[in-house]
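For reference, chains read A, B, C, D, E and F in written order, and residue numbers begin at 1 within each chain.
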Amino acid sequence: MSNDEKKLTHIDETGAANMVDVGDKAVTERIAVARGSVRMLPSTLQMILSGNARKGDVLATARIAGIMAAKRTHELIPLCHPLALTKVAVDITADQELPGLVVEALAKVTGQTGVEMEALTACSVACLTIYDMAKAVDRGMVVGDIRLVEKRGGKSGHWSAH
Amino acid sequence: MSNDEKKLTHIDETGAANMVDVGDKAVTERIAVARGSVRMLPSTLQMILSGNARKGDVLATARIAGIMAAKRTHELIPLCHPLALTKVAVDITADQELPGLVVEALAKVTGQTGVEMEALTACSVACLTIYDMAKAVDRGMVVGDIRLVEKRGGKSGHWSAH
Amino acid sequence: MSNDEKKLTHIDETGAANMVDVGDKAVTERIAVARGSVRMLPSTLQMILSGNARKGDVLATARIAGIMAAKRTHELIPLCHPLALTKVAVDITADQELPGLVVEALAKVTGQTGVEMEALTACSVACLTIYDMAKAVDRGMVVGDIRLVEKRGGKSGHWSAH
Amino acid sequence: MSNDEKKLTHIDETGAANMVDVGDKAVTERIAVARGSVRMLPSTLQMILSGNARKGDVLATARIAGIMAAKRTHELIPLCHPLALTKVAVDITADQELPGLVVEALAKVTGQTGVEMEALTACSVACLTIYDMAKAVDRGMVVGDIRLVEKRGGKSGHWSAH
Amino acid sequence: MSNDEKKLTHIDETGAANMVDVGDKAVTERIAVARGSVRMLPSTLQMILSGNARKGDVLATARIAGIMAAKRTHELIPLCHPLALTKVAVDITADQELPGLVVEALAKVTGQTGVEMEALTACSVACLTIYDMAKAVDRGMVVGDIRLVEKRGGKSGHWSAH
Amino acid sequence: MSNDEKKLTHIDETGAANMVDVGDKAVTERIAVARGSVRMLPSTLQMILSGNARKGDVLATARIAGIMAAKRTHELIPLCHPLALTKVAVDITADQELPGLVVEALAKVTGQTGVEMEALTACSVACLTIYDMAKAVDRGMVVGDIRLVEKRGGKSGHWSAH
């Protein structure tokens, strides 16, 4: 299918925004993985990893925030469907090159619609939580590169970013 | 004050994450502005701006989603204080160079703590809503460069990103 | 069945209010449509449709508010079940006779209980949002005639208001 | 001021919907009272008042639902400000003429913006809750005449519907 | 299986807290019953049961609060899954020996994971609501003995506290 | 004042439950501290403290859950007022005698009403979160002794449990 034939599915023929009807889609296991990062000063990363915080608590707080946000995606993104997520996981790793923290979020459901937005929301809120906890020492942090990296299930099957 | 003397304010002396006590801070008018973007294919931007959607509805939906998310920041970011926001505004403009959409969010309060997280949350959720509405035509969009660009009020006075 | 034999299903034999057990009901596709209106001064309707607002933004905001509210029906109506809605749509049309705006909301689920309350909640909140956006020019608007107009699926099959 | 000079305050000069800035408004005690009704069959009213339900529980449930909804108004109505409500009350009385139940809701705040939407939301959700609890016996009920009946405080002072 | 072989299922091999993947569990009918109590002065119990309150309203309010809280368990308990509960019921009885009120909550679902937390959350919030409504006369009340008393469905079958 | 003259303040003269009007109360700094516990098998406590979990993550998750729940108290407890909390803190310590974990929660506000319910809610939800994370190894845990231990500010001044 050419790009020209594609449609913005949330917009109906009159141009109004509406939830897509997923009632006729197949119930399959669907997984999505999203990734993003928080770029920061080297000294900020150092402080989070070994400074006056236990590493556990900053990262644990961000991870929990991300998991809880995934469950509320349909309250935040107007046209998302409420879903009975079967799993959400958030991993956070340090990247000295960036420098900063890389957040990866996975969402999973057995249902009629994909979970990309749940993974992206978990990732975004985990990043914002890191920002919140470190902003007193580094106001210039940047949350970035939030994107889908993998998607399984549904009509389009397996897709990965590269 | 040198960076070394700075502290991760949400982490107490035992390393546990806690809400900072803002009860003794001055009540002042506080404003924060955050900016971010959604990078997309040129054809996706074209479709949003003039394609099978009325421009109004995609952007209006994202703007409303951002405003509503700002009001729920303290439910999403674990250590944020609940605030009686006096204003939230979200503006979205096209950037053909990017190519994509640039989202700017402003939050305002008369209170004892800043509204950076509210502006950043509004910006992030508006970006995610754009992603949601266009993902059927462009899975490779990237939400990025979400950062604070301006901050007024409170002890640190006026600050801007440049 | 005569009306006398009918029961207020949410009230148990001791008179206490409780959620009805729907665990044994059939999983079927269920649809409900609700309708309501906001009566206003002719000049208010005129202003919304062509005045200092783009028509799109007032109606788009109300439509989005209605859709989002449908997803939160079980949080608002104490004895409603949480449901994985497959579609919500809100349409708003002008009625010069009224004069005012007519809001129609549709909710759909594949599940064990009906979606009347979801359609009615979407309709009510869309009406309230219109009221909110126009109240500065017309405090006397009246939200009214919110009612179920159609219902499909479940034991009682198809029902329409007339 | 003529009606022509009035503006839809939530719409800015570009036509975009935004929260009004209330930061410069006076902090005063503000009260709003809203009223609405649920019209029903005489037998339904009879059943609620003396049938297989204790009168207390149906009306208590609706009253609690209305009070709780008032506190969430800013989550439902996109451009409403979060408010530290100081009081919410919901009264429900039978009207044999209607026939049906009349719901009156009062909201109060000491703040910078009015509480009309909080009173109207409490009233609407209490009506919807009554509908929910009686819909098994009377699908044709109509929620109606939801309107502001009184408003005190703020720049416009005291206003009542008649 | 010996206790030593058991695991804290929400903690993965790296020690991070995550939602357990329930996607491969069987869909069965699952029921959980939790019980708890609010101990109070004899005069407080007397006042609630026959004093200046109608018995109905205090207990009805607590019961409704418990039911509504069950539906929000996954928003409160970080690693709980969102569930389409098919029934929630809360019963409150007086215990002159305690003296106080005993709250029993039942939750039911047809799904892939148990509903213990939903029953426990309903029970806890109903107890807290009783505390709230009586705290002006008795600050020393104690909420206690909140525990699971019965569990049906899922791999472990039927379990009861004794 | 004798106990006989005291009133259940949330119940009005007609017996209906309503939010107390706090609009005329003084704005003062108010603090409340609540305490509770989770009793468990010695082996469960051991596993949480040093077993297959990092101690940090179980306790950090419960602490975050408690803090976030405090901010939502007014959504859970029907007649609680929404409050702009200035601080919430949750501490969790092991008690080998119990055996189990003791949770202490502090809430603070500058406002017109006390924060007992916020402290009690934080404490309860932190306890429930511990239960959730350990229930796979110990179904018989009991959440108990949730009570107010200290209260400062407001008309009644300083009060402590002993």
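Criterion: a residue touches a chain if its C-beta (ideal position, glycine included) is under 8 Å from a C-beta of that chain, and two chains touch if they have at least 3 such contacts.
In UniProt terms, the chains line up like this: A, B, C, D, E, F = Cyclic pyranopterin monophosphate synthase.
Everything quoted here is computed from the prediction, not taken from an experiment.
K.L.:
Tell me, which chains sit next to both chain B and chain F?
P.N.:
A, D
K.L.:
Let me check something: if the centre of a chain is the mean of its CA atoms, which chain is farthest from chain D?
P.N.:
A
K.L.:
For the Cα fit of chain C against chain F, please give the angle of the superposing rotation, nearest 5 degrees.
P.N.:
That pair's rotation angle lands at 180 degrees.
K.L.:
Distance from the CA centroid of chain A to that of chain F, rounded to the nearest Å?
P.N.:
Measuring from centre to centre gives 31 Å for this pair.
K.L.:
Express in whole angstrom the distance between the two chain centres, defined as the mean CA positions of chain A and chain B.
P.N.:
16
K.L.:
Using the average of all C-alpha atoms in each chain as its centre, how far is it in Å between chain B and chain E?
P.N.:
37
K.L.:
Could you list the positions in chain B whose residues touch two or more of the other chains?
P.N.:
Residues 16-17, 54, 56-57, 60-61, 64-65, 68, 72, 75, 78-79, 82-84.
K.L.:
Tell me, which pairs of chains are in touch?
P.N.:
Here the touching pairs of chains are A-B, A-C, A-E, A-F, B-C, B-D, B-F, C-D, C-E, D-E, D-F, E-F.
K.L.:
Residues of chain D touching chain B in their complex?
P.N.:
Going by the criterion above, the answer is residues 12, 16-23, 74-75, 78-79, 81-84, 111-112.
K.L.:
Residues of chain A touching chain B in their complex?
P.N.:
3-4, 6-11, 15-17, 36, 41, 43, 47-48, 51-54, 56-58, 60-61, 64-65, 68-69, 72, 75-80, 116-117, 120-121, 124-125, 127-129, 131-137, 139-148, 151, 159, 161
K.L.:
Where on chain D does chain E make contact in their complex?
P.N.:
54, 56-57, 60-61, 64-65, 68
K.L.:
Which residues of chain D touch chain F in their complex?
P.N.:
Interface residues on the chain D side: 29, 60, 63-64, 67-68, 71-72, 82-91, 108-110.
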